[in-house]
Amino acid sequence: MSSTYGQNIRMTIFGQSHSPAIGMTLEGIPAGEQIDFAALSRFLSRRAPGQNAWSTARKEADAPEFVSGLVGDSTCGTPLTALIRNTDTRSKDYFALAVTPRPGHADYTAAIKYGGHQDFAGGGHFSGRMTAPLCIAGGICLQLLEKEGIRVLSRIAAIGGIEDEGALLSSTAEKAFPTVSDARGEAMCEAIAKAKAEGDSVGGIVECAVLGLPVGLGDPMFDGMENRIAQIVFGIPAVKGLEFGAGFALAAMRGSESNDAFRIKDGKVVTDTNRCGGILGGISDGMPLTFRVAFKPTPSIGKTQQTVNLQTMEDAELNIIGRHDPCIVPRAVPVVEAAAAIAVYDALLERRKEA
Amino acid sequence: MSSTYGQNIRMTIFGQSHSPAIGMTLEGIPAGEQIDFAALSRFLSRRAPGQNAWSTARKEADAPEFVSGLVGDSTCGTPLTALIRNTDTRSKDYFALAVTPRPGHADYTAAIKYGGHQDFAGGGHFSGRMTAPLCIAGGICLQLLEKEGIRVLSRIAAIGGIEDEGALLSSTAEKAFPTVSDARGEAMCEAIAKAKAEGDSVGGIVECAVLGLPVGLGDPMFDGMENRIAQIVFGIPAVKGLEFGAGFALAAMRGSESNDAFRIKDGKVVTDTNRCGGILGGISDGMPLTFRVAFKPTPSIGKTQQTVNLQTMEDAELNIIGRHDPCIVPRAVPVVEAAAAIAVYDALLERRKEA
Amino acid sequence: MSSTYGQNIRMTIFGQSHSPAIGMTLEGIPAGEQIDFAALSRFLSRRAPGQNAWSTARKEADAPEFVSGLVGDSTCGTPLTALIRNTDTRSKDYFALAVTPRPGHADYTAAIKYGGHQDFAGGGHFSGRMTAPLCIAGGICLQLLEKEGIRVLSRIAAIGGIEDEGALLSSTAEKAFPTVSDARGEAMCEAIAKAKAEGDSVGGIVECAVLGLPVGLGDPMFDGMENRIAQIVFGIPAVKGLEFGAGFALAAMRGSESNDAFRIKDGKVVTDTNRCGGILGGISDGMPLTFRVAFKPTPSIGKTQQTVNLQTMEDAELNIIGRHDPCIVPRAVPVVEAAAAIAVYDALLERRKEA
Amino acid sequence: MSSTYGQNIRMTIFGQSHSPAIGMTLEGIPAGEQIDFAALSRFLSRRAPGQNAWSTARKEADAPEFVSGLVGDSTCGTPLTALIRNTDTRSKDYFALAVTPRPGHADYTAAIKYGGHQDFAGGGHFSGRMTAPLCIAGGICLQLLEKEGIRVLSRIAAIGGIEDEGALLSSTAEKAFPTVSDARGEAMCEAIAKAKAEGDSVGGIVECAVLGLPVGLGDPMFDGMENRIAQIVFGIPAVKGLEFGAGFALAAMRGSESNDAFRIKDGKVVTDTNRCGGILGGISDGMPLTFRVAFKPTPSIGKTQQTVNLQTMEDAELNIIGRHDPCIVPRAVPVVEAAAAIAVYDALLERRKEA
């Protein structure tokens, strides 16, 4: 099946870019958890469109309506269901794409998979817009994790080949452009603006760190922390790569370099380095859980592209009209945090059964 | 939970490195599928230990006994269960590790997670040996895929920073050292030998390609081909990174470079390039499904390492005795094929429900 | 967890009796299935309240709004989500019940389970009202089954000890009171009216038959047709018993009586009798799949009842105010059909993987 | 799929009556649980064949070999896998049944479902013998429940229409024939002996009670205690009915009779009666969880029966040779206890996540 994630909590994301609404149902949140809706709204606003030069001109309030699961502002043990109405839709922009699929998009694969019955308007269920409900569920999990002293940080690590500088030690959530180095951030913004001006787009990398994890989260072999995070992170549109700790760089190392030596510090077991990204044998080791996510450039670009006509089965040219982000990476930062929070909270509930 | 994978088939891997046996139970294989046990045995021998200079001296026949699921050599609709007896075990090598965990290993995290009740002998359930039952399930799925014209190829793409040359266009299964370029393969072997001589180890990258896939496999958002493959591949010990198609390189590209243009060729839709790795929106597009897997160096090295004593909670030094691969990448190649085959076959059964 | 059912389709029911809305998300319905919304509305009206003497005076239109999963009136492969707004709510009727739980209700068990955070208004998630979304999913599955020549019939088999007469051979859906014998139906109505007049309630039995099933649906051991139907039927509030075919009567039979002899009829294998209810080894045998469901009397009665005060932990008396059915069995008939349809359609998709 | 049960623990049963072995894999048991193998062996012996006049002459030691999941006699967090070798097999007894299916058996449905590839020897995966591994898992769960003060009692409530007398207040496990009334037990034995002498068989009812449950186990709507128990109990061969508390009798009651009044006793909430079987809204209420299971007579009888020849598609006569129980109910008693224990322990782990 498809749009459901989780074992101890279970999130199902529904809706299409241009359906009456999008939303999510989240089962398994214990009863009596008070939700800070103002904080949730601030979190959602970080990925909302129409805010700046590098995001789509589409305007959506992205204000969720909770129709189930609450008594006042606290959970009551019933599935949490929240809706976001789709208002600013322009389906006419998309009709042509059913016949001439956009390179790099799901237009073609969805057309075959669903026998032409897919909702192609706005990318349907494949739209980046589906990350809004993901952020509702993630925003709630972030609040639940904070109560247990667990924080999730992230930043833009690279865009268009320009890398951020410095280490991710504190939240970048308050920044308009979430990099550690503002200078590098400006350079990235210029790269985005340049690509946009040329009717093109750029990709990038998001780095995430989960701090304050207890030792022992994650289950071998297929429910380890890497497996759990991977299954949800690859559900974010445009993600094509994922690495934990030093990741691909480990492949070129010696064991004597890659092994993180254990030490006793303040009576606790720590490691000097963290090349394993805080995960050993799929299980959290108490150090920061770190990973990096590679996003491909937005496939919707202004430049004329080569495609095919699925009706005539001939080569064709495509000029995309419509509103698209020249770079989705800035808006993807909170989405990666949301995905991490959902995966970690699910593992945290799993851990309770072992006590 | 842990050691189970799959939705339409369901594989559970059981056993510990030094338990009476290891094995797997595989549910959901349709009845009436004839299994070529000679071919399965040849496949298993590709990852069996004790074959060459770069693998552990441990000798295991790895001959599976099927105790359930067969009538003669055909499946009968019952769960398939196969065992491999553990024979050549030397538990005494490992007792110390319960107290002084090996850097880079699950010794520490397992000790905390399981409250000291874990089976630390030979790495217990975290041993690379658990990939043998994975290869039983995968070897069966490979045979079922071949009947549908689907083939899985793989190779060593890099070891210790030395990269293979050429494209992965045909099987390397018959090679003693599975690279495309034999010259590069020799260089890699030397790097492994050098590391071994220095009591060290090296990591590497395995590349995999699935050929002959129909369009339409994989389900948005969390059961896409990337998600399905990621969940099982990160279950292979020592895997720390995964990328599809051009992967992390996409993050530095422009959309005009990364988009794979569609063309009509011989009346079929193809793409000139395959930077998306044959997956669009989580769904197979009919081009080769390609991915690369990063393995960290074997954490068990001869060199003296810094660790801690969990009883005295003081820093300690560790000298590992025992038999270990200086590089697990060569033996990991068929394991990656097995993992891919299981994920693809599971998606193939899912697809049948949509017809 | 709780409110999710199904393996190949997955239905999640959300909402509380007095939350902004109730509804369901249904994953796994193939794309391109046209839904007859008029027929769905007729089906839903069979369980809607406020229609007659024996049902609650609560008025609800029960008109679902589909916010996801459709393009026009056809499925598009995205999860189907439908909402029913709660309008006619009177929460003040229920506040007392949080302190003095109603005998036979979930008030007490929910209070303990959810630590007092449950939504007790209108019974919250335990309300019979939650069967409305179940009927949305079931009504859709009924339409999909009809396309495959599979029909679901049901009737009231007994109420308050009064049993219906005759065999269930055709639909009773058009009847105001769905019994085969109208005379027995009248007697049942009188029993309900009598109970109501006395501030009491009555239980009953619903019989269901699924016609036109192919041979081979259902999977041993724990996903047999009995298991699948049982898991969903016991999710209908007030159900306390379930039997297939001759059910409990089989326990008093000889094997020579209970075995259904096979015969060839018109070139097909049939059985003379159907004491096994069309299921052998958990698998459909091509005869009608028959089962009976026992409903306890509505626990909410007008009579003064003995209960406890959870604040003072003393015995207490309870007089229930509010609107309740003196007998929920008539309205439960379409709910049982819905449950059967969902379970059968899920098994039908499972079967496709074996082809 | 089929032979897997459980959400927080997951049991998979494998094997066929005449395959090399039968067994089970049980995931999710916390590490560090010491297992009393002598007690487990005693429990298994209660369902072992070849013990008395009313059970099959087949002799099986039913001594499980644990190949995974243990360190010494304690669990280590790895899946528990145990095997029972099949020794006393006589496959030749069964070849004919592939062509002339036994009435009341899965021979016919399995032949169609598996396209003739099923293992018909000894009933294959449909054999009552598959309850042996169920009892291994259940026997372990019974020990884990006892540590939490939870006990499971059961008895034969009826055989061949002869009902037991008295209430189920203490274990009948030590009795050769597990009824409360020995006189009634003797009468049942005579009924079995009489049926056997006439080449026939009889069915019966098993009653089960789970004592010491905390309030709050079970999850609405589809994972309530009734749903959980139903899904596993209907996996026991020959089960055709299930009722909780007063069950079907409730259908003929008034609400004023069926509601269990709450009272304070020794500072705790109890009910005077227990017509709901200790379950309200799917959630345990702290009173004994009680249910009754209806078993049909053993379908394998000595009498000549009417069947069909699936090769010639003509009517045929069947005379069954082989070894069969004239009544499986006595041996089913521990199997029902095992099923209840597995379901309850799974719900107990679920409950931990809500703390």
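Just so it is clear, A, B, C and D label the chains in written order, and each chain counts residues from 1 on its own.
We take it that contacts are C-beta pairs under 8 Å (C-beta built on N, C-alpha and C of every residue); 3 or more make two chains touch, one makes a residue touch a chain.
Because the structure is a prediction, the values reported are computed rather than measured.
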Please tell me whether B-C or A-B has the greater number of C-beta pairs in contact. A-B
Approximate Å spacing (C-alpha centroids) for the pair subunit B, subunit C: 46
Quick check: how many Å separate the C-alpha centres of subunit B and subunit D? 39
Whole-Å separation of chain centres (CA-atom averages), subunit A against subunit B: 26
Provide the list of subunit A residues touching at least two other chains, using ranges where the numbers run on. 1-4, 8, 13, 28, 31, 77, 110, 113, 125, 354
Line, ring, star, complete or other: which one describes how these chains touch? complete
For the complex, which residues does subunit B have touching subunit C? 8, 28, 30-31, 77, 349, 352-355
Under the definition above, what is the set of subunit D residues touching subunit B in their complex? 1-4, 8, 10, 12-16, 19-23, 25, 27-28, 31-32, 65-71, 74-81, 83, 110, 113-119, 124-125
In their shared complex, at which residues does subunit B touch subunit A? 1-5, 7, 13, 101-106, 108-110, 112-113, 125-126, 130, 158-161, 195, 200-205, 215-216, 219-224, 226-227, 230-232, 234-235, 237, 239-248, 250-264, 267, 269, 271-272, 275-277, 280-285, 294-301, 303, 305-308, 310, 313-315, 350, 354
